[in-house]
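Two complexes come next, and they have one chain in common, chain A, joined by chain B in the first and chain C in the second.
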Partner chain A sequence: MRRILSSVTDGRGFDILLVSITMIFLLALSGMPLVYNVVMSFQEVDMFNLNTFSRPYAGLENYREVVSQPEFGLILKNTAFFVFGSIAGQFVLGFALAMFFMMRFPFAATIRGVFLVSWVMPGLVVGALWGWILAGDFGVLNAILKGIGVIDSTMFWKSDPRLSIWAVTIANIWLGLAFNMMLLSVGLAAIPRDLYEAAELDGANGWHRFTTMTLPMMRSTIGAVLALGLIYTLQQFDLFPAITEGGPANSSNVAQYWAWQYSFLLFDFAKGATVSVMMLGFVLIASIVYVWSTRHEVRG
Partner chain B sequence: MTPQIEIASVDKHYGAYHALKDINLTIPRGAFTALVGPSGCGKSTLLRSIAGLESITSGNLRIAGTEMSGVPPRKRDVAMVFQSYALYPHMNVLGNLTYSLRFKGFNKEQARKKADEVAQVIGLTELLERYPRELSGGQRQRVAMGRAIICEPKAFLFDEPLSNLDAALRVHMRMEIRALHDRLGATSVYVTHDQVEAMTMADHVVVMRAGVIEQQGAPLELYDNPANKFVAGFIGSPAMNFLDATVAEDGRSARLEIAGKPVLPLARTLQPGREVTVGLRPEHLRIDTAAPRLQVPVRVVESTGSLTYSTTETEPELMIVEQGRGRYRAGETLPLTIAPEDIHLFDPTSGTAL
Partner chain C sequence: MTLAMKTKLLAGAALSAMAVAGPLVAQEEVTITVWSIDGANQVGPSDTFSAEFDEMDNGINVEYRILQFDEIVNETLRAYATGNAPDIVSLDNPDFALFSSRGAFLDITEMAEESDVINAEAYFEGPLNSVSWDGKLYGVGKYTDTIGVFYNKDMFEEAGIENPPQTWAEFEEYARMLAKPDEGVYGATLSARGNEEGTFQFLPVIQMSGGGYDSVNTEGAREWLSMVKGMIDDGVMSQDVLSLGQWDSTGTFNSGNAAMAISGPWEIDRMVEDADFEWGVTLLPTFEEGAERSSALGGFNLGIMSTTEHPEEAFEVLEYFVSQDHRLFPEFGYLPTRGDVELPQSGIEEKDAALAVFQEQLQYAQPRGPHPEWQKISKAIYDAEQAALTGQMTPDEALSQAQSTIDGILN
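== the complex of A and B ==
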């Protein structure tokens, strides 16, 4: 009895206990729904067999139907635009801001803290906010762009099919900017200053120092930031109902919103599951790339 | 000798803090100069000002005859060895060595050839493919040295390069750095807080305190003729003993303010009754049973076999260094004497040597 007890308190038993709690939690709340989702994408689901497990096997029928939808190509393109546009925008601007705040000017830390506001705000609120900013007739963005002479006529960000995907992407860049900046700031702060000094004395100018010191030293941070950016962007849902509702005519619709529309507007749960399984494949590939790219840690 | 680095009336402020005060220093080409002083005295600031990593507030700095104001570090053609070594962790030894060459128009083969030469000189040939994290402290130190010498700079700047090494390796690297300096005919500026390092390595020692150069000169010149009490106490190990004293009526001897008021003859004449600070080096106090000048009780005796350190019971206490194992034990009384010319005298208020 004492052996068992002591193995729980200070032996391997305790480790196993901790790990199993986590594993059970993960399996029950993530693993099961995931598997269920995958299973459902291979079944015929309707309102009558929704509450049973044994549904008719559909093979790849759901996939075939999803792919042959007329809006499939457009949504694929939009998703790619939204994901890559958001990540690129968040990352480049976040990196620039992080570097900017590394310069020690008065109140740098305070101002950087203020940027976190965008991160703590719920997506729906951000969506509403950007909804107003981007509004055609009375929106602030149009007023500014007109004021500085970039545009002459009113831009209908939310209702022009050529602009609507830009509207959600811009809002999402703003939403993820602070997160990117914070993670990248931490990475930058971890690079010893004397490396830059040594490089400078070795003859490296600012650009050389950035490409040969900052970027390689930041490799694992950058990998993590990009991977997390991808995940958060694919999860981003709130902005769509708040700004464009995927419209007009699917011009700003993306896979995650489409999956939701299938399941909860059209109650076609099988197709909703199918779309999300396709997204899952996409995330998996990205995760593998991420793990591969950060396989050796730089700092030793 | 041609001056390689000329520093004239240099001041440096960090905001309200005056870190360097009117520094004047000329470093001849080929010289090994040590900047030494207690922590926080501004040694690193001066060295980094030479490198251009800190900007000087006023004054002039010339390297090889060229005024350096407005010249960025990368155009100054100086190399620095950092206390942390600052090796590039994401590059192997070869990459670290050849990093500077890529900005000097070397192609891959030329850089490789040059790196091989340098690796030969500092004994790194076997390690070129290793990463810094796979090296020992001494090996990292060598890579840092190699990185400095590969670009044949106008001056080598060292900022406490040995302080992360263990004692034995430190003594060894001391000699190696000096030998390398001589072999390359380089100009070196070496910052350390360890006066032994400064004394043993340098041709010219600059003693700093609180942003001021207290004295500069050849190592033994500083030992023999310290300009003030600070330098006298800083140079030499164990440190010089200081005692308050009064010049006796004859003006040629000093009465020490310790128990028994012993009188020491001086090598010169001073105004009778004048108060002075007397400096006695531990190694100059000799045991003399025949005609002792002062008799002091011993409190602690420590011996290394070759040297014996005795600390006295007096107030203030004195330190005496004796060759060999030492004949006296704690509790006994030491009969001591000192040659008049070995006695240092300082003004008690200003600390200046008399």
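== the complex of A and C ==
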């Protein structure tokens, strides 16, 4: 008895206890909904069998129909544009800002903190703000661009199919910029200063120092930032209803908003689940690539 | 029997009497829950009438819940699926068939026949169709609305145009005459937004050119899309009509940035306040003079959910709402869905004139659907409108794609 007790408080039993608690937690709160979602994508679902499990089996019919929608290709393209555009923009600008704030000038840390405002704000608020900034006839951005003479006709950011995907991507870059900057700043701060001093003495110029020292030593941070960026970007939903509603004519529609439209606008819950399962597959592939690309690193 | 025993017995009897009476009293107090969007932005009929009925000492309490426009269908679906549905719910008329076609609304045909208050024959055809399914009555219209063309009389006079447009050709001609791109004034505005509002304004065009939601690719619809696209391309109409809702789109008219606006009677009160120019309303144009008219049918319906435990009490609440229809216009600015309610004059000349036009327009208003999968049909229609107006497809391509989507839903 005592042995069992002591093993629970200390030793193998305790390990098993900890593992089982986390596993139960994961299975109940993440696994179940995930499986439920996958199951739903193979069923016929309507409002009258929404709360039961036993629904007619639909096979791959939902998948076939989703793929054969005329907007499927466009939405795929938009999702890719939004994800890679957002990540690239957030990362490059975030890195530049992080490097900038590593220069020791007065109030650098404070000002860097203020940048976090964009990250703290709820997506819907950010969406509403950018909705006003990007408005066509009375938008702030158009007024500025016209004022400094960059454009002379109105740019309809929200209504022009060539610009609408840019509108949401720009807003999302702004939203995620501070988060990228913060994570990258932490990574930069971890690189010992004296390394740079030694390199400088050896005659390495700024570009050399950046490509041969900063980048390699930031590798794991960069990997984490990009992976998180991918996840957050695929989760980004609030900006779409607030700015373009995926329009006009699906020109700014992305997979996550499409899934929502299916479930909660058209009440076709099975197709909504189908689209999200497809996204899940995509994220899984991206995660595998991420784990594979960082496999050489020693992790504690 | 001792005195003590007698007292005990009496006390026991009294206690048991109370125990029996208790639930009886509780049973008489019935609570009816009502869900609606009224009260979300401004005071409306359902919240007002619910509170009034709740105040009455008749053994029926009314619990009222405000929902947002975007979520009321979802909430009701979820509540119905989990067995927590309200007793009475008020839905936008095209959403009604989603529920009535599946028996989620209570069939009130017989109750209405016996009722002294609710008389199905008094209702306008459009609203009545939207609460009917398979020849049975599942609810009543709460209020209705439709669309017409608001026009800025000052601008018309300045440009020397005497009458508001009666045909789409005139609509375009006048809009082109009235547009002043240098001053930021557009010739006309409307809503071609990618949601129900887009369909609301575009479907009448299809209908008046001989089509309907089941056959959308009409010659008139193609012409109309080309016309509007031309106006957008030439800056006569803002490209933002593709993303603005009706309320925002008409806002540009009120501030003098558009000479004409397609919108409905819900704008009247705000226009009386905001517009510092003379304005008027005319019927939605037609393709030829004297050709077939059509317009959108808007407005909400009331229905009793079939899961209610108190159908009779819920019907009493419904009867009370209907009995207050004469207050809809004077107090809330809404048009009743029946022809036997007198609308008093407001004394505001522009408002009364606009009201007369909208009442005439209502005779031509046609419902969207009813169809249980209306949301999908509607998406096909507004997607086609947007695809054509952005130039992604020709009007013919866009409308025939919509047609094949709709055929897939209908068959």
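One rule holds for everything that comes next: the second predicted complex is superposed on the first by the 297 of 300 C-alpha atoms of A that agree within 3 Å, B and C clash if a C-alpha of one lies under 4 Å from a C-alpha of the other, contacts with A are read in each partner's own complex, and residues count from 1 in each chain.
What we mean here is this: a residue touches a chain if its C-beta (ideal position, glycine included) is under 8 Å from a C-beta of that chain, and two chains touch if they have at least 3 such contacts.
If you're wondering where the values come from, they're calculated on a predicted model, not measured in any experiment.
When both complexes are overlaid on chain A, chain B and chain C end up sitting side by side without clashing. Contact with neither chain B nor chain C is seen for A:149 once the two complexes are overlaid on the shared chain.
Contacts of A:265 after superposition on the shared chain: chain C is touched, whereas chain B is not. Shared-chain residue A:281: touches no atom of chain B or chain C.
Our angle of interest has its tip at the CA centre of chain A and reaches the CA centres of chain B and chain C; in the overlay it is 150°, to the nearest 10.
When both complexes are overlaid on chain A, the residue A:244 reaches chain C alone and has no touch with chain B. By the touch criterion stated above, A:136 is placed in contact with chain C alone, chain B being left untouched.
Judged by the touch definition given at the top, the superposed model places A:195 against chain B, while chain C stays out of reach. Aligning both complexes on chain A leaves chain B and chain C separated at their closest CA atoms by 51 Å.
Across the superposed pair, chain B and chain C touch chain A at no common residue. Those residues of chain A that touch chain B in the shared complex are 192, 194-195, 197-205, 208, 212-213, 216-217, 219, 298-300.
Chain contact summary for the complex, chain B toward chain A: residues 51, 53, 72-74, 76, 78-80, 82, 84, 86-90, 99-100, 103-104, 131-134, 147, 151.
Those residues of chain A whose C-beta lies close enough to touch chain C in the complex are 47-48, 50-51, 70-71, 135-137, 154, 156, 158-161, 244-251, 264-268. Contact residues of chain C toward chain A in the complex are 73-74, 77-78, 80-83, 98, 102, 104, 184, 193-195, 238-243, 252, 257, 375-376, 379, 383, 386-387, 389-392, 401.
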